[in-house]
Amino acid sequence: MISKIIGSVAEAIADVRDGSTVMIGGFGSAGQPVELIDALLEQGAKDLTVVNNNAGNGTTGLAALLQARRVRKIICSFPRQVDSQVFDGLYRAGELELELVPQGTLAERIRAGGAGIAGFFTPTGYGTMLADGKETRRIDGRDYVLESALSADFALIKAHRGDRLGNLVYRKTARNFGPLMVGAASVAIAQVASIVEVGELDPESVVTPGIYVQRVVEVSSHTPPSTQGQ
Amino acid sequence: MRGPLSRADMARRAAQDIPEGAYVNLGIGLPTMISDYLPPDREIILHTENGMLGMGPVAVGDQIDPDLINAGKIPVTELPGAAYFHHADSFAMMRGGHLDICVLGAFQVSITGDLANWHTGGEGAIPAVGGAMDLAIGAKEVFVIMELFTRDGSCKLVPECTFPLTGIGCVGTVYTDYAVFTIASDGVTVVEAFGGLGVQDLEKSTGLSLRG
Amino acid sequence: MISKIIGSVAEAIADVRDGSTVMIGGFGSAGQPVELIDALLEQGAKDLTVVNNNAGNGTTGLAALLQARRVRKIICSFPRQVDSQVFDGLYRAGELELELVPQGTLAERIRAGGAGIAGFFTPTGYGTMLADGKETRRIDGRDYVLESALSADFALIKAHRGDRLGNLVYRKTARNFGPLMVGAASVAIAQVASIVEVGELDPESVVTPGIYVQRVVEVSSHTPPSTQGQ
Amino acid sequence: MRGPLSRADMARRAAQDIPEGAYVNLGIGLPTMISDYLPPDREIILHTENGMLGMGPVAVGDQIDPDLINAGKIPVTELPGAAYFHHADSFAMMRGGHLDICVLGAFQVSITGDLANWHTGGEGAIPAVGGAMDLAIGAKEVFVIMELFTRDGSCKLVPECTFPLTGIGCVGTVYTDYAVFTIASDGVTVVEAFGGLGVQDLEKSTGLSLRG
């Protein structure tokens, strides 16, 4: 019988290696897999390339991973925030490489990575400095930039409910990047608020079919305050 | 150097131009304030790029749910008829031209509709683009809402943007504290001026050639 | 108050013009908007370009539209079937232009049309006659074909339930091309088995958000046998 | 000119090589028959490209639902844990390499793994590709199941395909009525021969150089 259920976040991320590319779900704190990130911090892998919409908030979660100098490069759309002081300091000091990508292009590149599409022509960013050096093309009278797929060794995401087959549903705007990242990663790890029996999720409403998910770990919502995002 | 309209007045004025049935994305900051002034007799559907159509007002008290936020990461509410979707679907919706209107803030707008609103380009400034470029090129109409002048008196409606661009030729209407402008291939037109100002007054203060 | 509900299939398709490009949902008969197709047959628009997975079955629905010589060109993946005699005859007689597209490329081109993506590199079809004359490129050691977006003037699709805002849900494998075609068409028309009140569809389970749908028409399931697909 | 294995035997043999936990797409025709022989002690999840994971057996009687069909347009059933999705998502799943195995029929397979299974290329033949090309290049492993010889005795495992190609270098294993072959960069290997045949017998009948 298939079971993708893993007993702990530590086990779930045990094989992340130095130099791995890790996609991390979430938009701000919504959908951020805080406990998986904390486990990765504990685990110690370094020289990571992280793909996330942001670049950490406050001093926990992704920010803590940055602070611990585990991340070599971050691919994101919106690093600068009122509470992105950890990123800001490392970036200014030249200790963190940044690849800045328009948010929709970031999402589409991740989707492409999971969908076997190597590249696509998008109008977003044409004529801006974020298209510098990129191939462009005029198609039917409009200008486009060629963007490439993004893929990863691991995806760490947060979903609402999951089953042993890896089927997932999300909650409200916490869905965001999760369903994309699981497709683009070799090993997709989902922390869920609750594991349900196979058959409990409505097949019409499953957002992430289990094929995309390698590991599911239940994380109680009663986490100590120190590990909660903001 | 502020014009006759307060920021609330500017938001109220822009809100008038959003018609019944429109699908609208309101950018972070002043554009978001427009939602407070949408005419109650119009059914207008708000999109937030982090994956929702049918966004309701800001959440208060018990309504606050950390899983339900807008693009500015403020807790919001859900209206009947809402739908959630992932980021690729949300930006496909934007990029594909399905939104009727998006309203953005700006550092500068050029007289040909170029938009600069994401990066000052200054030494040591940390860039952050978010969804700005997708919004700029995606909606059927792009409105900008901004003060016409910076605090030091520079006009933000300019012959050519000096800040890094967000999008080219994308802005159609600019709501400011002095006037509402439309931008088309034949130039910039003053649709409405506030506080008794005339087109010539605005030409003088902006240094631009304007149509009445 | 927004209402996209239209009283009849005839009204819903009244403005299809000669020369229009029309996407028609369905995979075989599952999801085929039979009543909308019948209305289009009745309406009389000709020189149509039709995008559908197949090219008609039997003598009803799309096959009837072909038989009536309303279609100039068909873009599809699987025209030849045991009961595709109408298409077969017209095609052999040179009276119908065929653009044959691998099914996944067809789906992705329609998605691209709705997503503002002008083109994409896919590995599907590389080295085959369906890539003849197309631009190819080797990316990270694998060969890809450049394919372009497809869009349309109209989409006719079938969904299960819809509301006045145009939100739609589907039933089982009848979902197929519907959610893609509504995005790629200027005017998307959905026939639904039932119209429900706004708020009845779970926001987590809406498959097609209303923004993509311009017209919704309720079609009773008690249709005469002659208009049912097979 | 049929080999020692019946079509049912061929399906049964291929079914043995599908491991516990595999995500599998079974093509139309003979490949579909494999589902009847999947070992009951293995949990194997079937994909159908028209938008479903967790497909169950063919529907009978009251189970028949015109909205629930497989890629061959045959009514099927749904297993617990199933999921539905639209065509772009379904083919993204295939193209993106998420399926472990797909099993296809073939007109010809070349000794370098090229596949021809969609079009005879004959004069007046009406082409129909469906999902064949997406399946050929998408799954982690592509199995072909076919009789080794045509009715007129031509070998279908060939030095080079003469029919129009479906995909290049994509086939890994070929299940036939005479033997099971694997195709790799070092050539074609006979994994198992049926009816007491040896590698030399197969070399003689196929005209190919084979590894034992």
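Lettered A, B, C and D in written order, each chain numbered from 1.
Keep this in mind: contacts are C-beta pairs under 8 Å (C-beta built on N, C-alpha and C of every residue); 3 or more make two chains touch, one makes a residue touch a chain.
Not measured: the values here are computed from a predicted model.
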item	value
Intersection of the contact lists for subunit A and subunit B	C
Pair of chains joined by more contacts [C-beta pairs], B-C or C-D	C-D
Centre distance in Å when subunit C and subunit D are each reduced to the mean of their C-alpha atoms	29
Inter-centroid spacing, subunit D versus subunit B (mean Cα positions, whole Å)	54
Distance from subunit C to subunit A - Cα centre to Cα centre, in angstrom	34
Gap in Å, rounded to a whole number, between the CA centres of subunit C and subunit B	35
For subunit C, residues that touch 2 or more chains besides their own	108, 111, 115-117, 122-123, 170-172, 203-204, 207
Sites on subunit B at which at least two other chains make contact	52, 78, 84-85, 92, 94-95, 138
All chain pairs that touch each other	A-B, A-C, A-D, B-C, C-D
Contact footprint of subunit A on subunit C as seen in their complex	108, 112, 115-123, 137, 139-140, 142, 144, 148, 169-172, 202-205, 207
Subunit C partner contacts - residues on subunit D that touch it in the complex	48-52, 65-70, 73, 78, 84-88, 90-92, 94-95, 119, 124, 126-134, 137-138, 164-168
Subunit A residues touching subunit B - in the complex, by the definition given at the top	27-31, 53, 77-81, 84, 87-88, 91-92, 100-108, 110-111, 122-130, 143, 170-180, 207
In the complex with subunit D, residue positions of subunit A that touch it	1-2, 111, 113-117, 163, 165, 167, 183, 198-199, 201, 203-204, 206, 209-212
Interfacial residue positions of subunit D with respect to subunit A in the complex	20-21, 23, 43, 45, 47, 52-54, 78, 80-85, 92-99, 138
